[in-house]
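Heads up, the next two complexes both have chain A, just with different partners, chain B and then chain C.
== the complex of A and B ==
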């Protein structure tokens, strides 16, 4: 009874972060900081063309070189990060909020509501994702908001499925019955009892989806229905450098490398987070 | 004195493929304010279902007989709408569950679980609710309550967790506390502490309690009256002392005999009741305990015995061939 209620020892001493967590964190922090500070950084305007200095390799004046129209690649990559990160954060968040809500509702209520939600999600799932995004952006028009909206809509079914699958066993747990015996209503039970218990799986999936959406935005831009030029997006830059891949490969490789490193970092972080939460949940039961 | 809780003719059935499963059969109970009723029976005898019926939380498929009444403080709980019932749950009738590991939310702090119920039911401001939470934790005998508030259920021991669950249950000063096997999941050393805590809180707040248990020995020390349940029926009901002195129903006697005794001779075989509890469909014309009963007569399998008075002290039993008084 002496040790009763004391915190476990390992929780008190934080372990040093391994490099596979530290490096991705550092890279993402760099990208995010550059994206946020882009307007104030001493960089050339990203769409200022200089045909005299077209397709140059790295130099002091242009650390990453220039593209085929003589625009500074570093500046374009940094400004492209703003767009990629905006889409990459906003679209999964849209999917998380709407999909999570639909999944919870479909788990909690029976009958028509559940059938309607599950049916609609099945219809959405039946479309090949990129084709659906292509169709949506070409109907709505290729703007930053519409690309984000289209990618967000694509993510709704998966988030809803994950939310529902996690909510179903939780709803049968005794603490839900206990909350009910304490007079809790439907909304309280869903938001305060069930949702906190499934926050981790939803957030890990959200993190994984960021990288997927960055790639998807790149694919859309590559296909010409993404963010319209001259706004610099990583996918658009890769597509643009394609025609001169043999002469000046760096025009394609620089944005590709930045995108690769960002996506890799996000995936590594997602894996680390998933391992941690799974270990913790295992210990709890 | 009017009863706080008055249950009449409560029958609950579930439609199944084999027919109408009779889960509760004409259950009748009264409970005075401040009194303790022991609800004793094997697993599956309908104890927990009865508690859920009182709280208005029966499964959706359940069919409640139209003549059933659950009067609580002048209102018929079976006829309240869901909003009115929600206002009673937690506020006037509260419940403590068997396993505090599963009845507390694992990812919310003690503070979040304890305080929010009070804010919803009592409309307290968050600082007041926090103050009240500290008082409650202190009342249920938790040391360093300030520190506990920020902890999660898995950081507490089983006994501590059950004390927190009890604090949550009594937060709104309920008139009736339903304790569903509150000590079964706890260490034996902690059991007595938790039961004494319940008894102390009960006399402090003049709170009535239904103590659900399968342990007659435990019920003996902590109840005023005991109702013995078997297969969805109340088979005997009497003041605790009377029940132990003169059990009339053979099932009650067998239950009492099966409590292991420390003063018995060593190496003695424990007494067990042969067979196992069965499930009944419809309303069979027989005594439900008859298949396992030593005192069975031909009539026991042909007619359903009624709950009849044994003469004194509001002692009721349901048997054709009762034990001698």
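== the complex of A and C ==
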């Protein structure tokens, strides 16, 4: 019976992936695989300088060329992907977990708890996001963990709002009432009854925040207040190549292109996912 | 009814004042809880313990936290946001000097973004699903994936380095040379406009396409009105509310300066001031600026909220209900 129940869902799934889903997936898989395998790939050390080979164009030895200090650009871009992907995955996850929990609590409980949470979120929202991220990283100190923490914190209010907006209509539904009548505790109701039914919008938002955070991390590094050199952050690489934009534009353009393709891929996937969930919700109504 | 609306506005203002007070406390505490005192930062590593104690007494750092917060807030309310511990310049006068540059960039960029988004978004929404719509929407989607600083660098590369028609950096004050000022603002404006136009364009396109499916448009068509007339007088206004909402949010954010673009083009705006202060660890400036930007942000959001009621009759009716 379960097998029968699953078949229509499989049939409803698209037969072949269109290129606008397949190509972004392929690019992201390539970037993720390169980032994960970076220490074992046959690449030069990303911060090994070689002034004799400075600012060279692409060659067999250096497929993407070298930067102004003769460092291998391919190796730096691959190691930079580790930073971008770490921050890009960790910061939205932080926002999702803390913001989601706060949103759920603010939807479920009335009175002081709710007012305190909503008030605290409004205080966070009183700061423009980039200014808050800048202030937090400058106070905490610019390390990979602190940049991630700062970017995660600025995402909390948005996740909390989405969680609360999605939880509120669910709380009045029969299955929540049934669970409560059956004697279920608050934690059980929130985690087992409400949360699974609002996971999709939260996860869709989580996915769209990845590209936003990758750009934000790039902006902080570009401004010189993000993860400090010689760590090869994409934004830092782009800023660093700027002084030689005229002589060797590839030093800037290589990391810029990699960043662009990654953000574009994430946006395309987010768009496709949103269209699918919207279509499915539309069909249910 | 007016009394109730008045009470609502009063309640909202009181709430916002409370939020601002908490935001000010958060700003104050953020910097108070810094490891190492301000006196250490000013005097450097070679300072003796007596030097530090003397300076701390001078700066009032030996007083209790609550007393210092009250004094800081009292001064801020009177327009005194503190002083740079490097140059000694009051933060308030630095803000007054730099704010016009950020505002000029914001206004020019919003105008340019609208000049790009309005015609293209209208065309794409009007021709929804056609080839021209796919080209415009696809282009907007692509530009959306280019980070601001990459967009700026590409424009510098093309217009300042290859074509050599525009300056990449070198801000000219408006009072000194209005034309030169506008010339130095072209690339920053274009960068910010290109970053925001795709968002505006997409909102306008999808809202316009759905407005054009509404019955009152069919009625207008049945009356024999021309497409141009229907678009301009009937469809555009009800389709522009999401765009105006997002523009309001952007304007609020840009009050603190377009940090990335001001840095890239070396514009002496608020964003650049913030970054310089952070890099030099000039914490009194960072603290004062963050407080000013947060207050301005809250006020701008309040004004924008109030403006919706003027622009969108539906908001007005919803509030009355």
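In this text, the second predicted complex is superposed on the first by the 273 of 285 C-alpha atoms of A that agree within 3 Å, B and C clash if a C-alpha of one lies under 4 Å from a C-alpha of the other, contacts with A are read in each partner's own complex, and residues count from 1 in each chain.
Heads up, the rule we're going with is that a contact is a pair of C-beta atoms (placed from the backbone, for glycine too) under 8 Å apart; a residue touches a chain by one contact, two chains touch by 3 or more.
On a predicted model such as this, the values are computed, not experimentally measured, just so you know.
Overlay on chain A: chain B and chain C fit together in the combined arrangement. In the superposition on chain A, contact is made by A:174 with chain B only, not with chain C. By the touch criterion defined above, A:196 lies against chain B but remains apart from chain C after alignment on the C-alpha atoms of chain A.
Chain A has more of its residues touched by C than by the other of chain B and chain C.
By the touch criterion stated above, A:235 is placed in contact with chain C alone, chain B being left untouched. Contacts of A:188 after superposition: chain B is touched, whereas chain C is not reached. Superposition on the shared chain A places chain B and chain C such that, viewed from the Cα centre of chain A, they span 100 degrees in steps of 10. Our summary of the superposed model lists a minimum C-alpha distance of 17 Å between chain B and chain C.
No residue of chain A is contacted both by chain B in one complex and by chain C in the other.
Only residues 18-20, 22-23, 26-27, 30-31, 33-34, 141-142, 144-150, 153-154, 156-157, 161, 252-253, 255-256, 259-260, 263, 274-275, 278-279, 281, 286, 290, 293-294, 297-298 of chain C touch chain A when the two sit together in their complex. Those residues of chain B whose C-beta lies close enough to touch chain A in the complex are 55, 57, 86-91, 94-95, 97, 99, 102-108, 112, 116-117, 120-121, 144, 147-148, 151, 154-157, 160, 165, 168-169.
Put simply, chain A touches chain B in their complex at residues 1, 4-8, 173-175, 177-185, 188, 192-193, 196-197, 199, 284.
On the side of chain A, the complex with chain C involves touching residues 119-120, 122-123, 126-131, 134-136, 138-139, 211, 215, 218-219, 222-225, 235, 238-239, 242, 245-246, 249, 252, 256, 259-260, 263-264, 267-268, 271.
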